[in-house]
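Letters A, B, C, D, E and F mark the chains as written, and numbering starts fresh at 1 in each.
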Amino acid sequence: MSKQVVIPFGPQHPVLPEPLHLDLVLEDEKVVDAIPTIGYVHRGLEKLVEKREYPQYVYIAERICGICSFIHGMTYCQGIEGIMNLEIPKRADYLRTIWSEYSRMHSHLLWLGLFADAMGFESLFMNAWRLREHILDDLEATTGGRVIQGSCKVGGVRRDISSEKLDEMASGLDSMQGELHDLVNVFLRDSSVRHRLKGTGILSKDDAYLQGAVGPTIRASGHSYDTRKIGYAAYGDLSFEPVVASAGDSYARCEVRAKEMFTSIDIVKQAVKKIPDGPIDMKVTGAPDGEYFARSEQPRGEVIHYIKGNGTKFLARHRVRTPTLANITPLVTILKGCELADVPIIVLSIDPCIGCAER
Amino acid sequence: MIREEQKMQDITPDSLIRSVQAMKDGGKRLVQIGCARIGDIFEINYSFDKDYNFENLKLTIPSGLEVPSVSGIYTCAFVYENEIHDLYGIEITGIAIDFKGTFIRTSIKYPFGVVSSKEEDACQNKL
Amino acid sequence: MNLNIITGIIFLILAPLIGGLIAGADRIVTARMQGRVGPPLLQPFYDVSKLFEKETMVVTTTQYVYVVAYIVFIAFTGALFFSGGDILLVVFALTLAHVFLIMGAYASRSPYSVIGAERELIMLMAFEPAIILCAAGMYLVSKSFFVRDIISYNGAIILLIPGLFFAFLYVFTMKLRKSPFDISTSHHAHQELIKGLTTDFSGSVLGITEIAHWYETVFLLGFIYLFFAFNPVIGIIALIVIYLLEIYIDNVSARVRWSFALKSAWIITAVLGIVNIGILFFRWW
Amino acid sequence: MGLFSMTKMVFRSVSRKPATLMYPVRPAKSAAAFRGRILIEPLKCIACRKCEKSCPTQAITVDVKVRTWQIDRLRCIICNCCVEDCPTNCLSTENIYTNPMTVREGIEIYTVPPKPERKKETVDNSKTEE
Amino acid sequence: MTYLARSPWVIHYDASSCNGCDIEVLACLTPLYDIERFGIINTGNPKHADVFLVTGSINEQNKEVIKNIYNQIPEPKVVVAIGICATSGGVFRECYNVMGGIDTMIPVDVYVPGCAARPEMIIDGVVKALGILEEKWAKMEAGKK
Amino acid sequence: MELLIFLILFPALAGLLVLLLPKDFLHGAVVKCSALIVAIVSVVLFAAEWNKGIQIYSLASEPTGQLIFLIELLIAIFLLYIGIKNRQYLVIGLVIVQTALVIWLEMAHPVSEITKNLFVDELTLIMALIVGVIGGLIAIYATGYMREYHLQHKEARDRRPLFFCLILVFLSAMFGLIFSNNLVWIFFFWEVTTLCSFLLIGYSGTEDAKKNAFSALWMNLLGGLGFVIALIALTFIKGSSFELMTLITTGPAIALIPAVLIGFAGLTKSAQLPFSSWLLGAMVAPTPVSALLHSSTMVKAGVYIIVRFAPVFEHTYAGYAIALVGAVTFLIASMIAISQSNAKRVLAYSTVANLGLIIACAGIGTYEAMWAAIFLIIFHAIAKSLLFLCVGTAEHSLNSRDIEDMDGLVLKMPKVAGMILIGIAGMFLAPFGMLMSKYATMRAFLDTPGGFLLILILAFGSAVTVFFWSKWMGKIISVPPSSGETIEKRVSISEWAALYSLSALTIVVCFLIPVISSVIVERFLKTTYGMTTSLPFENVVIMILMLVLVLILPLTFLHYRKDKKHTGPYMCGRPVNDAYAFEGSLGIRRELVISNYYLDSWFGEAKLVPVGCAAGVVLILISFAAMLIGGVIL
């Protein structure tokens, strides 16, 4: 009886900041089938390792994505350092940690905004992005770039942050916390938001695990899996607990990200307290030879930079498995059976970053 | 900084499915499948993880060989396998959702399957 | 004929101006609620003037006809209302106008405008009972369907049909295309449907729809005024408060799904309708 | 329970001044550290090509023979590498950005002093385009 | 006198940008930059748009898309290429899948440099585009007569 | 009186002639001529009688009565035979009970003393016009349609003479039903329509058709049973009469019981819930049958009889309960129509809904309600028959009756599409008749204490109506990518003739509302109630203004025809070819498919029919209870 509707969703669609396309097969507004295609942002930058010397390649790695730029650069550096067995200065590790957490906050706020927008909640979007500007201001002041920081390099970091500035940042975060609470409160309490999020796009605990979901997506399905726990950079010295929710729906994913910002603030504050003095970089000579899987926790989940060096300045292979790529399978799963109105929400709920996914 | 231990286990095309199945039975999740071209051979890495324990299977094949898909064991493998197919031109048989070369469309077919010479940087100064 | 043609004509002339100003003020207030400065007050007029300057692209020429019909009947609706005509006819004409708009969207055949059209129909379905019952309520109170009689009814209509008024207020948001009920199209990019209903309109076609929307806003405000007609001062204040309330609600809620919109509108209309109409019925007999 | 929980934020926004920076009316905010664009003091340059080599995007071309130092603004990612690697510190990063342009002409050419003699033979070369 | 410059509606498309410029375009909409002050609305629909903001460079898959969107924008229209990726291919110029800046596919009217372009630069770029928009309109009107 | 008798007998005789004529000889011509004659004579009748008020004619009932009794028995035997052959025990049972009662009635209480057997008043005239003109047009249409039908439906045995015969007999029965003043006669004609409809629905002889024919049969027989019981009741009630006009004037105290029982028969005949399924099932029949049965005749017989008794129902609880049956049917059938994509089923549900509305008015029974009911009958008959016939024509060209397949009909069959649009607009859009009648309905409901719930139901029902009609319109006008040739050429002239006439009628009658109202309907109300109503004058003006606007607006098309730049629709920037196929995932080229919404999970048949039936049963039982108690609302 019911008639099908086949429509293109994306690549150009106002709710998708980035191109991704879905062929939606609908019955009334129920999604019967959703088949994604990516590749609109594929640049093929991994191949550039053959043309750039590995220290310069950091700048390419950073530009895998403008949202999670810093952590990409850092993970790449960690990979090289892993192969070459470099022990970088402690202060550099701490600075990397601080910037990572700032990236995370900026990314989560950005996402919260976009997510609010996907629900048609414009003013919430505006407010999230207004708060995000505080984070960006700090990032710009300390690294010189709002979105592409460019402050990481093989063997350490390129800039130091003075201790006054560090304190200022910590207190800045403190004073922002109030407004952040109000913001998060809307996401978690508002009934119109809950109406849209509760129960949409449920990813079961087993599915999440077996389909390889990572980051907030898997944490919202009840797994306490957070790559930061392996203790790269300074995370080993800092205490924090991954935020976990169990419902597995869009609301849970939203909740996890919202609460993670507070964890980040906490981590930054701990790091500011603990940060040791000392050099921020070390001299790196020679070229990497060997292979290494560097892992770290991006805002969207675990990222893996596989680096294979062949003893020359040019790497043999650099491959990035980004969290979004891992989250695509769960996305396809949870899109089935939702409503057209929920498609934007569900797509955004895994926080897709196509730039990352396709490189 | 923590340097993670890199566990790497070599496998052959015949033992691929078995080893992957063993991983799944061991309750591990598939982290990624990646590929690298070293001269004329391809190395395909299958990475798994359980409780932050990272393990890899490495499959080394000459070019032109077909590889069975593991998407029957881990559905999510289809993403990586399509990608490897599109970038390296390795035939992977029996992918759960087979995009048949349309997963990532590139202007050069199988860009990673060919070795690029550094000289062909013709576009370097093109405006 | 007792129609007061003069007020009708005044409506035809002034409504776009007032409607545009309301839209401009709306955008400023919205911006302020979002912590922004917002556009100038006359922005809606700039927008529409611009649309008429642009080239018009159509998918099918018939689009034009439907949209012209839409504005003609929206204007007709309003004029009929403001010249004191029969409120039921006004409602019918409004429906007719919307059907034309919806046909315009159907004609273009873009998936998004068609889905927008379907959703607009659903919204229409959610909206109609409330406005019909309001008309019924007013008839029960004033014993006439004519706006002029309702206006000259000396008594606070709002006090007699508060339930219906509330039901109407609830669906009013749908007609203003404001969150949480901006389901079929919205003034900014629509996150589900691009632009929904108006996706395939461009240039002057879009400009016409925009003007028609102003007419509609003024007409709807006029309709609300009927509830307060006993005292013009209170009436005007009520209109301002209600419109501000709409902006406020727009800014504090996410969009709902169509199913919720329809269900809630129907339930509210039905419950309040039964209670309120029931009370009116048994007050008289 | 959670009906209209946005109210607080909305009222805060209304009661405060808008957060808008009013950019073109008021000058842009920018941090001191902001990397806007690369500046060269051509006089100091010795055309050693270090910057050219370190640049990840080949935005810089140094012509040792004709003695020019050239940068393509539409290619530079303002990564600061060249600045760090320049032996004479003639490069610096300014926190003012390059203006948008209507033709694709991001290339700026500066003449640098000839190699051997290090005299103050002022070449007027603050230029070609901008 | 044209109203085009007072009400330029934009559509934004992310060609193959890294998101850096992309989110800065979005940031322009938000309270701190609030381009709605100039009457700018992000329509998301080419048929309503006047200004086409593109970030990122052309690649195999999006070239058609960009052309389509461009063709669906009614005259007069301007294209603003944002970020060095969009102007020249940028850092990814040498990637196998990058065919160069947006102008290899459609005519570009304003180039905004930067990696990433700051919101202020984007505003500058759009403002510059408005002038061109008016010129184009004048030409169009002249053509009609 | 001669005209009346002519109208009753002539079609039947013409039908017999068709049956007797040799195979394929002049059938079409005979049918067309006789239909034309019927139509003309009914107009003549109207012209002759419109200003004369009630005319009651005496006709010797003795021989006619016996003849009628005889035919009734024959019918019963035939039905018994059919029932036994097909093992339809329900039918057998009903026939036996009914026949037993009829025989008992005939034996125990010969009602031969009635002489005023025929009558004409304004309502009859209107009904005669509907039956004659619209029925005639449908018959004419059928000649063209059936030829095509048999070309396309090889499975159905070609029994066209029988078909036309039945159609013509049907017209006779309808005339008999509306002209009779004698309730026994009315009952007879009533049964004839039941029989004819049974045969017509089962015409194609397929299993499906048979099944549906039998369900139509038993439901109508059940109604007939109610009718017989009413007749028997009449023999017991003092002061009552077998003469319709006399009975009605006796008021609820006496006439309520037969009124409700006959009303029950009317409910079954007009397919109100819980009996709506027969009408839906009847859609398997060839489309002219549907048009005839569901727009102008069969179901109208049901509402006609209820409308006749409306004065009796006024202000009674039983009437109110019947009104509620109608109202609930209106709401629920309209809702279900949303979930249907088969055009004929949509029309069927909408028919059921509109009949419900008419019955709601009749159940209320005030003069205002009557005004509305009469206009509803008129407009519904015209617009709905137009729609049915259009769908029939479209079906033959498209080989589908699915609304989804009517995609872009404006290009494929511009004329038919235009007519469907007129028909649809006639059903629910403002300046057209149906809506004006709804206006009156609304006012009628508001002016009576019984209107309380009805007004709510009406508000919701109207809203729902907008949805399914609009989406259908949308489907028709959406322009498909490749504008192929029109495929209208195969449509026969007789079909065009009927279609054009009906389209013209739909519009013209709208202009004539004030005339019809003042000349006919108001007179009728005056004589029946002593009071009358009409549309406010300025509304009439406004309405005509709107109508003119709607008619001239398409002319703007000519103005906008030129130099507009055409582009493809917005497809999210994806490459699209001329046929609107786009590059999809997995490398598949996908066709853009757009279908309407059917909201099946809300308005599906499976969901709503049980609810509606339950409500219908309960309300009908209430009406019986109220009939026995005989309460009156204030």
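Note that contacts are C-beta pairs under 8 Å (C-beta built on N, C-alpha and C of every residue); 3 or more make two chains touch, one makes a residue touch a chain.
Model, not experiment: these values are computed from the prediction.
*Asks:* Which chains lie in contact with each of subunit A and subunit C?
*Replies:* The shared contacts of subunit A and subunit C, listed by label, come to D, E, F.
*Asks:* Would you kindly say which chain has the C-alpha centre located farthest from the C-alpha centre of subunit D?
*Replies:* Ranked by distance of C-alpha centres from subunit D, the top chain is F.
*Asks:* What is the chain whose Cα centroid lies farthest from the Cα centroid of subunit E?
*Replies:* F
*Asks:* Hey, which pair has more contacts between C-betas, A-F or E-F?
*Replies:* Between the chain pairs A-F and E-F, A-F carries more contacts.
*Asks:* Just curious, how far off is subunit E from subunit C if you go by their C-alpha centres, in Å?
*Replies:* 35
*Asks:* Express in whole angstrom the distance between the two chain centres, defined as the mean CA positions of subunit A and subunit D.
*Replies:* 28
*Asks:* Whole-Å distance, subunit B centre to subunit F centre, using C-alpha means?
*Replies:* 69
*Asks:* Two-or-more-chain contact residues of subunit D, please, as numbers and ranges.
*Replies:* 4-6, 10, 13, 18-20, 22, 30, 34, 56-57, 77-78, 104
*Asks:* Could you list the positions in subunit E whose residues touch two or more of the other chains?
*Replies:* 13, 30-32, 34, 37, 42-47, 59-61, 65, 69, 72, 74, 88, 91, 93-94, 96-97, 115, 118
*Asks:* Quick check on subunit A: which residues sit in contact with 2+ other chains?
*Replies:* 5, 7-8, 11-15, 29, 35, 37, 39, 42, 44, 47, 51, 59-60, 63, 123-124, 126-127, 130, 145-146, 148, 190, 192-193
*Asks:* Please name which positions on subunit D make contact with subunit E in the complex.
*Replies:* Interface residues on subunit D, with respect to subunit E: 18-24, 28, 30, 34, 56-57, 72-78, 97-104, 106.
*Asks:* Which bits of subunit A are touching subunit C when the two form their complex?
*Replies:* 5, 7-8, 13-15, 29, 116-124, 126-127, 130, 190, 192-193, 195-196, 339-344
*Asks:* Considering the complex alone, what residue numbers of subunit E touch subunit D?
*Replies:* Checking each residue of subunit E against subunit D gives 31-34, 37, 80, 84, 87-88, 90-91, 93, 101, 103, 108-115, 118-121, 123-125, 127-128, 132.
*Asks:* Okay, in this complex, where on subunit F does subunit A touch?
*Replies:* 339, 341, 404, 571-574, 582, 584-586, 588, 590-601, 604
*Asks:* Touching subunit F in the complex: which residues of subunit E?
*Replies:* 13, 45-47, 64-66, 68-69, 71-72, 74
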